[in-house]
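Shared between the two complexes below is subunit A, which has subunit B as its partner in the first and subunit C in the second.
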Partner chain A sequence: MSRRTFFSYVPSESPLVGLHPLPKVALLLAINLVALIIEAPIPFILLIAFIAIGFKLLRVPLIGIKKFVIVVIIASQAVLISYLLGSSIPGKHVYIIYPWGTYVSEMTLLYAATMIMRYTTMLLGSTLILVTTSDRDIVYGAAALKLPYTLSLMMSLAFRTATIFAEDFMKVRDAMILRGASFHEGPPLERAKKYANVFTSMIVIALRRLMDVAYAVQAKGFGAAPKRTYYREYRLRISDAVITALLIASVLSAYFLKYSVGILAFPGWMPAI
Partner chain B sequence: MGEVATEASVKMRLAVISGLFGGVCATAALFSIIIIPLPGIPGGSGFWIPAALYFALTLWFGIYGALAGHIGTFIGMGPFFGWTFQVWANGALGDFFAPLICRAFFLAFKADPELKTRRDYTVWLVSVPIATCLAAMWIHFVNYSFGTITFGAWVWGVIAYTIGDSLAVFTLGTVLLKVASKWVKTSPFYVKGRLL
Partner chain C sequence: MDEVIRVRDLWWRYELGQEWALKGIDLTVRRGEFLVIVGPSGAGKSTLCLTLCGMIPHFSRGHYKGEVMINGHETRKMKLSEITRKVGIVFQDPDTQFVTMSVEDEVAFPLENHGVPREEMLERVRRTMEMTRILELKDKYPNELSGGQKQRVAIASILALEPEIIILDEPTSDLDPVGKSEVFSMLAELKRTGRTIILVEHNTEEAAKYADRVILLRDGKIVMEGPPRKVFQEVESIKSAGVYPPQVTELAYHLSTRYGVRGELPITLEECLEWLRKINARITTPIKFGPSPRRANGESIISLRDASYSYPDGTAALRDINIEFARGEFAAIIGQNGSGKTTLVKHIVGLLKPSVGEVRIFGKKTSEMSIKEIATKVGYIYQNPDHQLFCQTVYEECAYGLRNLGVPETEIRRRVGEILEKVGLQGLENVDTFLLGKGQRQRLAIASTLVMNPEIIIVDEPTTGQDMVQSTSIMELLRSLHAEGRTIIIVTHNMRLVAEYAERVVVMHAGRVILDGDVRAVFSQVEKLRGALITPPQITQLGQLLSGDSVTPLTVEEAADMIRLGDE
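On to the complex of A and B.
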């Protein structure tokens, strides 16, 4: 049996599928925060390897990652251009000195590579969690975390209506093309104005749909009772609490290791922020 | 309609505004990235269509319109940039407070989103670049903090973002406000005179 999530189908046996939303949120935050704290290349290599093993052990399909490889390549270009042209990181060998004062040393290359690894870690870690998450998880997760119900309703509606509005957009645009409009010709400002017309129609469609949904939500009694009951119950088990505590500890340890021991800091250079 | 709206029903309606228009903004974000991508910047676009939407939405629906921009940007950028903490902290959070700054200007100077008078236009023309510039500073500060860009790129990023976003807001947003404001005002969802 598989379960449909935002990205793909995930085997029901995957330990992440049944995980309580609290450790899932904690895992998402922990990976991002630890990646933000670390600045040394080798811990990043270990962390990326650890997440890759996580994909295998947690039986998360790799289909979600493939398209992100392209994203990593594109982002790497931006990071490299930024550091190769606009940084001054001291090193033993200086390869190029630019007229505007910045230069490229071997440490520039190492630091840029480390920043690419930071980005890759965050991307992989977030994908690991979100590939096993469905919109139901978000709605029930917010409820389990005692967040206001309206927040989860907003998120759920946005996820569900995005595909509907994408279809509306295509319909309106096609209708305009059939009436002689061209979105590929003319100066950029002219084309932008045509898109403005598409989105004006979209706003009208959205407002009509807004009324339907708002009245449906009201008719179903949402928000009428101060305390809601739910069809499904997410119970926080001891294992969930232990995982969450370990994740919080990992963030604190990373902070301590960087700022007190210096293990996770970039060797030989400290950035301004 | 002759209905009596309770406090709870109003709250749910406003949540529906954010959710539904969050979907619209996400769609707009996806198309912006596909139609006018920025080379080298995944999830970036040279013409950020959702900016026009959430500026107009915030002038109509207050903070719920800004929330729509926040949710929409996060969902829209996710498939291209990943749903990371960095994306949430820079684009999504920047797109949340930028339109609120613009709305604060409108409330402070009692300007009308229909852009009827010269004063309305002046407030619109002044508030949008200020709001986008502040958002750009925040967004690129986050990118700088995450190590994705250097300080040199921060300066250029702020300039490029302010110009690009302001252009998108002026081109699309002005049309939206002029054409749709009158219609939106007749709906029971229009929020007048409140920032939050």
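On to the complex of A and C.
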């Protein structure tokens, strides 16, 4: 039987299903941390390829990624525009100099491409979290790390309500479309204004939902006992411990390679003067 | 029975509230009692529940006077966690009270919070799931269950703590008739185990069957209290308070007034049959009901041909639908939760396109139309107005659609003024939309769609969570729009509304249309309706029982007209 995750289902034959929550959470944290450490483009491409292969091997349904393609495209456009129009990164060749003083060099393009890859990696990493984990993984993974339960409950509720908010978002957007709004037409400022309207409504809905959730959590005796007990029992096997150790080692290695060896650092970049 | 709850002169005002929500409530609840709270929207029913379970004043800010005692202990002096062991509360919307992502974890969650040892927890979770008949759902994601199943999970998660008192705040308002019965039969079982049950409910017909006592709350005060038999005798008083009495009681009241019959009115279907036998009532033959509602005979303006649709996860929501709607119809689409009703109307408004087959609006395929184009012809009003209101003020909300259509500002002003008058919101143009009450928000949602002058109006659950006065007001508005010649389609679980207002009923089951036709004809198909897990209104069932399924009255007035006394 497939396992429900925050955003999707993972088939029962996925290696993720048998994994202890600790290495699962560690895997997801590792991907996102490494993405934060890396600056150079080639390692990014390798990391993206690694995640893509991971999706395939772990049999994660690719429908989960589909939802985020549009986000990646929008984020990439925003990054590209901001670098092209608003940065002054020195390079060997300067292609355009704007009247307001910024310019475009080959390093500008390289840096923009790198940032796009960083966002893509992090978005893929976040997607991987939402499509492969459930609240149980977060809660029991955090418990294995001896993190406070309140923190893991907050995290799991935040992820879970994110899916509910996504549905609310679609409903409000549909309601606007049914009253003649078009999100694909008009200048960017006007389109942004339309989304602002969606968010006005979303804030009210979110506040009402949060209040309801808060009441429900309290009604179920949250924090009643000084020491919380757990319904499920997960045993950490040697293989789980080895995977977790390898993941921690990979983050540490990435840190070492960037700051001590300089391999993962962005080549030739210097702050704009 | 000894008392488990005592409320003395309780007053409560929310921190930002202008008025007291509760005004001097005095109430005693006995152990093992089944107490039902009824009253119009805004009467203070939910607030009273929150005070009984200690959320007020522990978790809500405001002004509190008086006292609430649970087993002799004042809730203000108890810890909230201590109260949750004794009093469990189930809120109206189960979706927002699920904290975990599996049924089993949801039931275990309160036990984990209370530090129950694991071995004991395993046993209690299993026992509770068995009792609430959700054991086979244990690995399911709670939010993806049917309405009735969700409420059973919500109740189970409270029940696992084995509280003495269970409070339920309108748990059946979003449920289909069968889902409602599931919840009520479970509550009856819980009562047999000796638990005290406090239920806020609009459905007086079910309350009459199970309640030991009913209190009528109005404007923060208890205005009537007693066994259901006593309270529901006051038909006019409870109706004036915005509560529907059981239809059979209303019928008996009509007949008593007409024929001068004295004595106690029946409150359940079985009692009514017995009461009618005792007063020597008989059915007139041949039965002549009043004139049939105006039937549309116009051209077909909506048609679905061999339409099927599956959601991306593979769920087949519509299967081979062939249906047409004519200009000027007032149709109701009914069916159990998850039968495909909303998916069907989303196809009509163009939000979804069929995977197979076609949908046409005014003869044109929706696949060849933009939603903007469809929106000028079809208006869709959501079940939850919060999903449909996104502008700052009432005026802006109504003007939004017209501006998108490029209507000039002077024309917008005229049309918004007209529409606000029509829905009774005139004078509120500059009021913040989110400060309106639920009834007003629902009317604004209707106005904001109506102002675009669509010929077809589709309303999803127009009266959910609304009291009798608000429901009637919305339905009368739809009726007046219908009288103007518009085509109205409602999606609802409220069979009483269907019988009283619609001309045609489409019954859906598992993505298919299984019945379609005149309301009376459809409600006379008892066996097929049972197969679709639909129960006709109480008055219709009574007529059918009296006549051996040959007569199908739709309203209390019709049933009263078909009954004569003695030799008359």
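Please note the rule applied: the second predicted complex is superposed on the first by the 175 of 273 C-alpha atoms of A that agree within 3 Å, B and C clash if a C-alpha of one lies under 4 Å from a C-alpha of the other, contacts with A are read in each partner's own complex, and residues count from 1 in each chain.
Throughout what follows, a contact is a pair of C-beta atoms (placed from the backbone, for glycine too) under 8 Å apart; a residue touches a chain by one contact, two chains touch by 3 or more.
Quantities reported herein were computed from a predicted structural model and do not represent experimental measurements.
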Using the superposition on chain A described above, determine whether A:L29 touches subunit B (first), subunit C (second), both, or neither. first
Scan A:S134 for contacts with subunit B and subunit C and give back first, second, both or neither. second
Identify the partner contact of A:F165: answer first if only subunit B is touched, second if only subunit C is, both if each is, neither if none is. first
Touching A:L157 in the superposition: subunit B (first), subunit C (second), both, neither? both
Quick check on the superposed pair: does A:P99 touch subunit B, subunit C, both, or neither? Answer first, second, both or neither. neither
Answer with first, second, both or neither: which of subunit B and subunit C does A:A206 touch in the superposed model? first
Identify the partner contact of A:V217: answer first if only subunit B is touched, second if only subunit C is, both if each is, neither if none is. both
Using the touch criterion from the header, give the chain among subunit B and subunit C with more contacted residues in subunit A. B
Now for A:D174: first (subunit B), second (subunit C), both, or neither, which partner does it touch? second
So which positions on subunit A get touched by both subunit B and subunit C? 153, 156-157, 160, 164, 168, 197, 200, 204, 209, 213-214, 217-218, 222-224
Within their complex, state which residues of subunit A touch subunit B. 28-29, 32-33, 36, 39, 67-68, 71, 74-75, 77-79, 81-83, 85-87, 102, 111, 114-115, 118-119, 122-123, 125-127, 130, 150-151, 153-162, 164-166, 168-169, 188-189, 192-193, 195-197, 199-200, 202-204, 206-207, 209-211, 213-214, 217-218, 222-224, 271-273
In the complex, the residues of subunit A that touch subunit C are 1, 4, 6, 9, 63, 134-136, 153, 156-157, 160, 164, 168, 171-172, 174-182, 197-198, 200-201, 204-205, 208-209, 212-233
So in the complex, the part of subunit C that touches subunit A is made up of which residues? 50, 53, 55, 58-59, 80-82, 84-85, 88-89, 91, 93, 95-102, 104-105, 108-118, 121-122, 125, 139, 141, 143-144, 157-158, 161, 312-313, 349, 351, 371-372, 375-376, 379-380, 382, 386-392, 400-401, 404-405, 434, 448-449, 452
Subunit A partner, complex, touching residues on subunit B are 6, 8-9, 11-24, 26-28, 30-31, 40-43, 47, 49, 52-53, 56, 67-68, 71-72, 75-76, 78-86, 144-153, 168, 171-172, 175-176, 179-180, 183-184, 187-189
